[in-house]
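Please see the structure below; I have some questions.
The first chain written gets the first letter, and so on, giving A, B, C and D; residue counts start at 1 in each chain.
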Amino acid sequence: MTVEDGDGRPRRRTVAILGATGLVGQRFVERLADHPWFELVAVGASSRSAGQTYARACSWKLDTALPDAVSAFVVRPCVPREFEGVQIVFSALDSSVAGDIESEFANAGFAVFTNASPHRMDADVPVLIPFVNPDHLEAAFAQSRASKNGRSGFIIANANCASTGLVVALRPLQQAFGIDSALVVTMQAVSGAGYPGVPAMDIVDNVVPYIPGEEDKLESEPLKILGEWRNGAFRPAEMTLSAQCNRVCVRDGHLACCSVKLRRPATADEVRDALSQYESPVAQYKLPSAPASPIVVLSADDRPQPRLDRDCGRGYTITVGRVRACTLLDVKFTLLSHNTVIGAAGGSLLNAELAVARGLA
Amino acid sequence: MTVEDGDGRPRRRTVAILGATGLVGQRFVERLADHPWFELVAVGASSRSAGQTYARACSWKLDTALPDAVSAFVVRPCVPREFEGVQIVFSALDSSVAGDIESEFANAGFAVFTNASPHRMDADVPVLIPFVNPDHLEAAFAQSRASKNGRSGFIIANANCASTGLVVALRPLQQAFGIDSALVVTMQAVSGAGYPGVPAMDIVDNVVPYIPGEEDKLESEPLKILGEWRNGAFRPAEMTLSAQCNRVCVRDGHLACCSVKLRRPATADEVRDALSQYESPVAQYKLPSAPASPIVVLSADDRPQPRLDRDCGRGYTITVGRVRACTLLDVKFTLLSHNTVIGAAGGSLLNAELAVARGLA
Amino acid sequence: MTVEDGDGRPRRRTVAILGATGLVGQRFVERLADHPWFELVAVGASSRSAGQTYARACSWKLDTALPDAVSAFVVRPCVPREFEGVQIVFSALDSSVAGDIESEFANAGFAVFTNASPHRMDADVPVLIPFVNPDHLEAAFAQSRASKNGRSGFIIANANCASTGLVVALRPLQQAFGIDSALVVTMQAVSGAGYPGVPAMDIVDNVVPYIPGEEDKLESEPLKILGEWRNGAFRPAEMTLSAQCNRVCVRDGHLACCSVKLRRPATADEVRDALSQYESPVAQYKLPSAPASPIVVLSADDRPQPRLDRDCGRGYTITVGRVRACTLLDVKFTLLSHNTVIGAAGGSLLNAELAVARGLA
Amino acid sequence: MTVEDGDGRPRRRTVAILGATGLVGQRFVERLADHPWFELVAVGASSRSAGQTYARACSWKLDTALPDAVSAFVVRPCVPREFEGVQIVFSALDSSVAGDIESEFANAGFAVFTNASPHRMDADVPVLIPFVNPDHLEAAFAQSRASKNGRSGFIIANANCASTGLVVALRPLQQAFGIDSALVVTMQAVSGAGYPGVPAMDIVDNVVPYIPGEEDKLESEPLKILGEWRNGAFRPAEMTLSAQCNRVCVRDGHLACCSVKLRRPATADEVRDALSQYESPVAQYKLPSAPASPIVVLSADDRPQPRLDRDCGRGYTITVGRVRACTLLDVKFTLLSHNTVIGAAGGSLLNAELAVARGLA
């Protein structure tokens, strides 16, 4: 495997984070602190933060300690020339600026793994979730080959935080039974809105039944992810999704109630089995961040719960519960994903690990 | 109207509350404190509380003050002979004991208006919501006539707190377009579980995706409520409901995301109009607790919200928002109801007001 | 009294609100909607909002409905010429701009009642709480007389939201026993920081043990309020205060634990009596917003609680509980005040009512 | 050291947990799962749970997974004969039953480490916190020697959860400057009340300014802990404590605002230095659960915060912040301790580790 040097020891890639001071940027910092394949060497943020130390520029909000090594990093402005010597760039940039900056980095030859939305629907950018559609990595190879300036940069996106959990749970059903349609109602954590994000006045003793743009993403991104990359183009999956998104008073962990209509009949037990027996299609690469199981099915009636289950598999495992027949569609269940780990920074990290394992980065 | 005496002034009924110390019992006390038609003269509770003053027996949890007059009431055991002289009995009893006690009171000639579930599915007990099915009151007349002992007691139930909001919102659509099926996902307040109810350890920074028995009620009660009372029997509405119930960190106010398949096509605008133009079928009785409108449709994208909208119409109005097309069924929307007012004590109170106005009590 | 016209009916003053779109501005709107002495005729806000309707410019966050009449008001920029015909101006401006704007309005002849902090420590501006120091109104008379341009404008401030509750509770003890010193630890609601204010990420499942600038205010403002206005100058009360301020996950209602060292000995019972028997020194004016009692002493061990007691007296009453001996100082107790009513908009409103009753405005 | 066998490998003690199903019991299970010195071999609980598997008897509330090995344990009734072969017993029993049961186990020769309160004020039971008063272990030696039946059982208590953090922070000040008195106001987490514990209805959007019995404990236990064991008796520290205890909407982590009057003058900087330089008096034993530092002083203005800092040192470290002069006493600061780790199960575990290291168990 390409991650070893001549002595059989892992050769670590030099990596940087763009948009490193926000909540998702902080997760990148946390998860890259002791990463066996990646060495964090630089952080970038807006011009407001550039020039300060990371410790000063960032209001650290995680309950793990800010890694000492990173706290002294001087934050750089997000322009490619400031990141010479870096091989891989993780982007936690705000959507309002991510599109252009990421293109600049990719054009300059960087491997860009982004959590931002602007490029997700680009014709040649995969929305990659290694547990679901590892073959979409081919689109990034195509980008790399097609780069005009002879440099082999590319962009790989991860999905919207709410889409991620949904597609991981739908994939086994799609493979086993086919999916006609699904109706999903989410209860999403406040960390999904970043920091400062949701005002306490809006969410204490409350639910906000609306997240701008979220339902559109949830009805479209999964079709691309669950679709095929064939003959140099994405062909979206043929299924209908209907989404209703709510913000609830939870710190981390997006919960979703799903009802699914399958293409061929299946009992709740068969669906539960398909979910619990699902194996990661990239298990052979032993990606360092991959959990033992992409999906864990919980048997207690009242699970999954955000507080108790979001950290399952260090936040990389989707937990599913309450699998039962639906009187209207075929089957319904509740699923939970950690929105800032598998649904954001962790998702990009897995993507980068897969790209390295496959020799792309 | 029977609520006036010879001088044209209202003649107030003497009323009592069974199960008066719990959260729903407290709402009854609050709402009966200055009621123009009803005079609260007695409170009953379990033998543990009987004999104490109400102020002592009850841990008052409402943010309005405990009415002085009631605080000195001595709590009585819940047996009919302790309530002589009382005409109407409101029951906020726990489901585990409500069935038998309510039957005893009805058999003893009391008009019983209950918030408890045991009698809801009885063949001759209406689950009455004046805004929805006032004609079901006929079933109570039938009970009264059929009483074996010559006494004219009867039982009228209100719906489960989560069912209430749903059927109020579905009724206009049923009348205007017919309903084939509906899928509903609820986010329910902790007060729905009574007191002490939900432990803080279970709900702070969390959602619990399960409420025992709730989904069954939500898939069955509405069919009875939206059905017909004909020839001395209830005929349930022919539609399919699928429910998923969650507990969220909200004090009061049950929110629900609904998707509905109509029998005949309608646009989201037509559905919104049907909801906003719906008029109470009992408006002519000018029931004291009835709000100006049973349903208020909110236009802001992010409404209804429990904290901001639950007290609309003093908790008697259902608020609806986000009415829009559903990619899968026909239309989807979000609705909110105050679970301890219209969904519990207030619902019973409205029922009693209608019964008085109609000459039944 | 000047609030009546020739027919003995109240003559209503025309009033306006500056900074009307924020949380405190909204409280002003709510409380002025049906005010017997004041008629709200205009609202002002920053240039970003000016020109829009109030309904559009404001994100209404109160659980009462936005008054219809006000929703159509066009927001004006905060310059005096835009408010011709207005007699009284309430300021809910942000501290960063309030100082200059309020001076301009006072110089232009307006009676300015402000919730902002910049002028509180001015040598001739009273920090007025009618229940505590109504005689400080004299300072405003002095301002009015001293106005250089012949116009009789003036500024009257209300206290910081956390100071307000404290001084109302300390006043009876100061009068009865004298106060040597007091140590206070606050647990303050998120609404105290305005909107958007405190991010949910910072306060869900958390306490923040710091509120910038708050402890300084709490150690100094009460000395001015509890001091004397004599010979044209304020003489601060001679006592020592020590404050520690915390932000907790509560929407409205500032709770404070106080320990007080008195100048002459008193038992906890005597202190409790002094608090519960305290009468408003302005009771004779029958101010429309004044509650029955400025202070209510609760006897239950576990009161006051923000959720249950903040609305006591419609938010104008301070509730006190747990009065008991302190092993270190003399007596300790817990007090609660509604931070956006008596501690903010309501406080200004009371001040304006007193000024009208006293013939100053 | 006695914890190794002949081969230099640690010899693990067999241990059991009484009251294993509650929140503190669960912490014991979590922390004993992979303990290098202790092997968990049995769990006990009330007769209601006895006979069931632990997985079934316990409603697991931690966000770490229930260890597989323990889930299959059959819960035993809490009588000594059921625990033969066990050397050390950890008690998380409810205070209502702990006193008698713990005495039975000690009399039967077990080393009992208890989190319960009944024996804390016994004349020969140390309230031990290894970071503070390791020499109080002598009292347990004395118990062991004095055991009437020749068996060497004894009881060692840890402190009340709120007392623990306080005494850890006071100890360095006592040693460096002497303490005259301290005033402490706590904001305590809901987990301190166990499960189900605090009802959500009582704490969402609220603070409860009262915890039964807590203030008495906080004013007395620290005097014993900070006092001396001399000539076979405890001599309490001579200082005055005044406590006010509040319950806040936080899951884990007790925060306290303290003001301290020292015996000899010190600046805030000197106090900060005394706190940050404090070294564990048992560092030489390298107890497996002991953190790098018993106290960490945070420099940011707004720390410590429960959510961000409670897990410092895996919950064994006390964090302190905001050290500054007090206008009334000498110095004030805010401290945080994890109430179910160092303040409960973790505290007992440290005590047992010290007892083993010292050859007592």
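Convention: a contact is a pair of C-beta atoms (placed from the backbone, for glycine too) under 8 Å apart; a residue touches a chain by one contact, two chains touch by 3 or more.
Keep in mind the model is a prediction, meaning the values are calculated, not measured.
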{"item": "Those chains which touch chain B and also touch chain A", "value": "C, D"}
{"item": "Chain whose Cα centroid lies at the greatest distance from that of chain D", "value": "B"}
{"item": "Chain centre separation in whole Å, for chain C relative to chain B (CA means)", "value": "40"}
{"item": "Whole-Å gap between the CA centroids of chain A and chain C", "value": "48"}
{"item": "Chain centre separation in whole Å, for chain D relative to chain C (CA means)", "value": "44"}
{"item": "Junction residues of chain D - those touching two or more other chains", "value": "61, 204-205, 249-251, 307-308"}
{"item": "Contact footprint of chain D on chain A as seen in their complex", "value": "60-65, 204-205, 251, 307-312"}
{"item": "Touch list for chain D against partner chain C, complex", "value": "181-183, 185, 187, 204-210, 212, 219, 240-242, 244, 246, 248-251, 255, 257, 259, 301-308, 321-322, 326-329, 332, 334"}
{"item": "Contact set on chain C toward chain A in their complex", "value": "23, 61, 190-191, 195-205, 249-251"}
